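What follows is a set of structures for review.
Look at the two complexes coming up: subunit A is in both, with subunit B in one and subunit C in the other.
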Partner chain A sequence: MPRLTIDGREIEAPAGQTVMDAARAAGIFIPYFCWHPQLSVPGNCRICVVGVEDKGGEWIDIACNMPVSEGMVVHTNSEGVRQRRKDTLQFITLNHPVDCGICDKAGECTLQDYHYEYNGERSLSRDAKNHETKHHALSPRIVLDNERCIQCTRCVRFTREVSKSNGLGMQNRADHSLVRAVEDGSFANDPYSDNVIDLCPVGALLSPSFLHKARVWYLKPTASVCPGCARGCTVNLWHRRPEWRLRAPDMRAQNESIDRVTPLENPAVNGPWICNKGRDLAKLLGRARAEGAMLKGRAAELQGAIAMARSLIAAARKPVALVSSWGSNEELAAFRAAFGERLDARVKADHAPEPGEVVEDAILIRADKNPNTAGAKAIFGDAPPDIPKDADLVLVWGEGLDFNRIPAGAKIVYLNAWLQPENGHADVFIPISIQTERSGHYTNFAGVTSAFAKCFPKPAQAADAETLFASLALAPGGGP
Partner chain B sequence: MRHLVPEFEKLKERYPAGFEASLVLPCLRRIQEDRGFVAEEDIVGLVDYLGVPRIQVEEVLSYYTMLRRKPIGRFHLQACRNIACSMRGAEGVVGYLRKRLGIGPGETTPDGRFTLSVVECLGSCGTAPVVMVNEAYHEDMSLEKLDRLVDELAAAGEGK
Partner chain C sequence: MPGRQLIMNFEVTPTSHTLEAYRARGGYATLEKALTTMQPVDITKEVTASGLLGHGGAAFPVGRKWAVMKPGSDETHYLCANADEGEPGTFKDRWILENAPHLLVESMLIASYALGVRNAFVYIRGEFDLPYRRIQGAIDEAYAAGLLGAKLHGTPFELDIVVYRGAGSYVCGEASGLITSIEGRKPYPRNRPPRLTVRGLYQKPTVINNVESLANITGIVRMGAEEFRKVGTAKSPGTQLISISGHIAKPGVYEVEYGYPWARFLDEDCGGMLHGAKMKCIVPGGISTKVLTRAEIEPLMLSHESVNPAGSGLGSGGMIVIAEGTCMVRLLQVLLRFYHHESCGQCTPCREGMGWMHRIIDRIVAGQGVPEDIDRLYAISEANDGTTICGMGDAAGYATVGILNKFRDEFEYFIANKRSKCDGRLECLA
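For the complex of A and B:
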């Protein structure tokens, strides 16, 4: 393996590796716009220049496309390198509008960061900047601000190399170059299109659902797991920081809602990507919630409903349970610990593919639209979610069951988070918390377990499933 | 575009296998030569024939301004406005053509006979100013020569 020196540190790197990769492996930072660890190397942004010692002098070239060689001496921050970066940034910002004040990317923009780090000067150009449209819809999900684009082509390469939709391209030439979607509309049908928003090193590619919604420094990310399918991609759920709570009439909608979803890089599961369904978790997890406990459709006190459910379960001769594939491993274990073998428990699918949804592909999306089928089946076995004809009580945990499948005459105890018509058809209905209101783990289809953390307090009317199971399993008349 | 496939097959022999994308440019040139512009059906046919993503054809079409997606007039007048032609009076040439034809650069006369374009260097600086009519160069253009040229073209157009 060639030995080289980067910033005075001796490094051994595999032959053929680039200086960029060798430096990153050694924890030495080199700036980049167009380079990305998962994409091909176009070498067009020129910001990753480094200096290589040669005959008492130094030559400058891009680190992303320079293979390491024996005895190479590299400087990532020499005077020559700093001057070259400064000059490069002058060109990169030649037509950039520097409208950070109204840009969603401000605060997490690499152009902004590098400008402060490596340039810091105003534009030297005396020519007027090119003006372009600031709201060009590449698809219903992505708007492009043409002025801010620095033509790094990361988004274009993403659609060619990762999502394979070939949905984007560079049109025209030179400083008239524009990112455009192909005319046959394939970008709008790319189920991974929203990744280009994260890939964009500047604020050119934006999500209309997040546009002008929040400055990113008022938000905080909470690590979570996408429940959209059995892949279980790790994600960051961004929501308002508690110290920046808004005083708004509808506090919950403003302060306790998911503002955006981004991938949380995880080589074991999803790499740096997620699909568009994961971006829309705010819709999935922001659906209307069940408002309170009910007995045969009539509002009831939570404690009363729990007591009623407990006595129904205790009195049943052949009780059956349909367990949620959206329950966390902790909740599933609590269910097993509380009821043991007393309930004939089977795992049900809470969600089936929606019409129009991509059911399955070779990238991330799995046909099973539930996050923890594997975790649930590990505890409750692989029996199909059929209900025996002679069941006299059915405990249903989670949504998605057709109540017509429950034998007439069987009592129904229903634990569900959402406001749905079935709630009123149960003998006892108890509202429970959702993923964002508790922490836990899901096990994905391949057996990889990922953790999710709590984002918001649970609403007062909802029960915490883990403690609820324990109190439902107590003998009737026992304490809550 | 289909009738050009035998020609494209010959072109293909010049490239190593797997370089179908490199054929986009010569194929588009040939299509435009044949039809006068590149139509939607040509794009669809070429994507199908070469097996390249459509976006690569669209990129090439937008990169080269000489490739057209709409039909133009029978006589395409391209006046150079680069430095050598400008120093030898290209602005007068363009101004005269504007007045004489009644159209601006990028426009076509209502009778479909003339299209006027202003272009960058045509590579004939030694004989500036230069105007191209379809594939032919007309050099050292004075206003008198320009007048005669347009008269001749107009007469030829009527004969058709």
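For the complex of A and C:
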């Protein structure tokens, strides 16, 4: 393995590795715009220049395309390198509008950071900037601000190398180059298109659903797991920081909503990507909630409903349970601990693929649209979710069951978070908490377990599933 | 004619480009000699020994490029003739394509034999109409005569040549941009390493040579490296096609033996300045080389070792003669408009720098220049030097710095007085 020196530190790097990779492996930071660990090396931004000692002088070239060689001495912060970076930043900001005040990326923008770190000078140009389209819809999901674009081509390469839709390309040349979607609409149909928003090092690619919604420094990410399919991609759910919550009386919806979803890099599951369904978790998890407990469709106190459910279960001769594949491992374990073998428990699929949804592909998306089927089946076995004809009580946990499948005469105890017509048909209905209101773990199709954390408080009317099961299983007189 | 002739050594007639006429001049005999008496490695050795320098502009030794190839290996190799003659002021490949297309075809056959190439390409610029028809016609004739697409002279060697017409971009003349264009993509030049002789067209080892460089191959193989070296100088063997234009009495394409005195070439062979005007300066080899004044070229020979120390180069041989009275500010404006228009937009310094320089020079010509603009042009040229993916960013900088160094006073005058120092002084066109 070649040995080289970077900034005075001697490191060893595999032959064929680039100086960029070697430096990163050694914890030495080299700035970059166009380079990305998962994409090909275009070498077009020219900000990653480093100096290599050569016959008393220094030659400067880009680190992302420079193979390591034995005995090479690299400087990432020499006088020449600093000057080149300043020059490059002058070039990049030449036609960049610097409209950080109205840019969603401000606060997490690579160009902002580098400008303060490596340049700090005002533009040396006295001429007008080029004007381009400020709001060009690349697809219904992505808008492009061409003035902000620094033409790093990360988005273009993403559609060619990762999502394989080939949906984007560069049009025109020189400083009139534009990123444009190809005309066959393949970008609009790319189920991974939203990743280009995170890939964009500046605020050129934007999500209309997040556009001008919040400054990122008012938001905080909470690590979570996407429940959209059995892949279980780790994500960050961005929501308003508690210390920045809006205090006006009707602001609860804004204080407790998912403002955006970004991937949480995880090599074991999803790498740095998620699909568009994961971006839309705010829709999936923001559906209308069940308003309160019900007995045969009539509103009831939560405690009363729990007591009723408990006595029904205790009285049943052949009780059957359909457990949720959206339950966390902790909840599923609590269910098993509470009821033991007393209930004939089977795992049901809460969600099936929606019409128009990508069912399965070779990248991330799985056909099973439930996050914890594997975790549930590990506890409750692989039996199909059929209901025996002679069941006299069915405990249904989670949505997605056709109540017509329940034998006539059987009592129904229904635990569900959402406002759905079935709720009123149950003998006992108990609203429960959802993923963002509790912590837990999901096990994905490959057996990898990922954790999700609580973002918001649980609504008062909903029961916490993990503790609910224990009180449902208590014998009517108290005690198990 | 200035010195001995290796390429323009026949009389151009309406039929001199045909296979029949070429055969009558001894055409395709060298191919037979190469295939029947020489091993591929011998040809590469001969080319290396000839010291032939590339005629595309960089004067890189052809033999050194060829020596990287491993013709015996299983890997596919490609040869590509660069006929995307886009450097402003250069039109010498056009002469070869129009008048000696079979010389190129024969040379490509010999080169392909030497390099183990089965498929070769001619990348020709889209604006070339007659040259395209002539080279395509020559290739069609060669197919009909069994020279292409068939096993030759009892050897397993055969070759197909495809002519690929570009869509008109300067950057397609850059070797890696050219192959990217052949692959059907936007001609973004590629980063080196890897070199194109390692991973080129379709990621296979590829040799890309200028049309004129290739055209010399037949002569070298026919006469042998030793004879070839007797033409020209020790460090610049052979000849160079010079395409001369501008304020000169007899513009056109001339074949010049290396080592020929530059001043004599201009005054005698080219008939001196147009209408006896005084020469202000000359672009020696395409606009990307630095301009030289008449006084500077007076002692120089037309050879790389003579011109390079003067801070310029013979480049692609595209000379533009500029008479006294020409406004250098407006001349630079034209150059920078060209570079701005032709920047592919891939890498930052060139994409933004060309536009920036163009805007500055436009503003100066519009009478709104400020003194710091000159320093800014220097600084942008400097920031482009060696920082871009291909050589185009450097080239624009060289051209700009070359003009600014020698004619800074004209720029200062223009900025201070909002008019050209040369207005009304260009008399040679009267």
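The criterion applied here is as follows: the second predicted complex is superposed on the first by the 475 of 480 C-alpha atoms of A that agree within 3 Å, B and C clash if a C-alpha of one lies under 4 Å from a C-alpha of the other, contacts with A are read in each partner's own complex, and residues count from 1 in each chain.
To be clear about the criterion, a residue touches a chain if its C-beta (ideal position, glycine included) is under 8 Å from a C-beta of that chain, and two chains touch if they have at least 3 such contacts.
Just so it is clear, the structure is predicted and the values come from calculations on it, not from any experiment.
By the touch criterion stated above, A:Glu10 is placed in contact with neither subunit B nor subunit C.
Of the two partner chains, neither subunit B nor subunit C is touched by A:Asp382. When the two structures are aligned on the shared chain, A:Ile92 is found in touch with subunit C, with no touch to subunit B.
When the two structures are aligned on the shared chain, A:Ser125 is found in touch with subunit C, with no touch to subunit B.
When the shared chain is aligned, subunit C comes close enough to touch A:Ile60, but subunit B does not. Contacts of A:Asp175 after superposition on the shared chain: subunit C is touched, whereas subunit B is not.
When the two complexes are overlaid on their common chain A, residue A:Cys45 makes contact with subunit C while staying clear of subunit B. Comparing subunit B with subunit C, more residues of subunit A are touched by C. By the touch criterion defined above, A:Glu70 reaches neither subunit B nor subunit C.
Taken together, the two complexes place residues 169-170, 172-173 of subunit A in contact with subunit B and also with subunit C. Taken together, the subunit B residues at the contact with subunit A in this complex read 53-56, 58-59, 62-63.
Per the touch definition, subunit C reaches subunit A in the complex via residues 169, 186, 191, 193, 340-349, 351-356, 359-360, 363, 370, 376, 379, 383, 386-389.
On the side of subunit A, the complex with subunit B involves touching residues 160, 166-173, 180, 182-184, 186. On the side of subunit A, the complex with subunit C involves touching residues 41-47, 49, 60, 62, 65, 67, 84, 87-88, 90-92, 94-95, 124-128, 130, 150-151, 169-170, 172-177.
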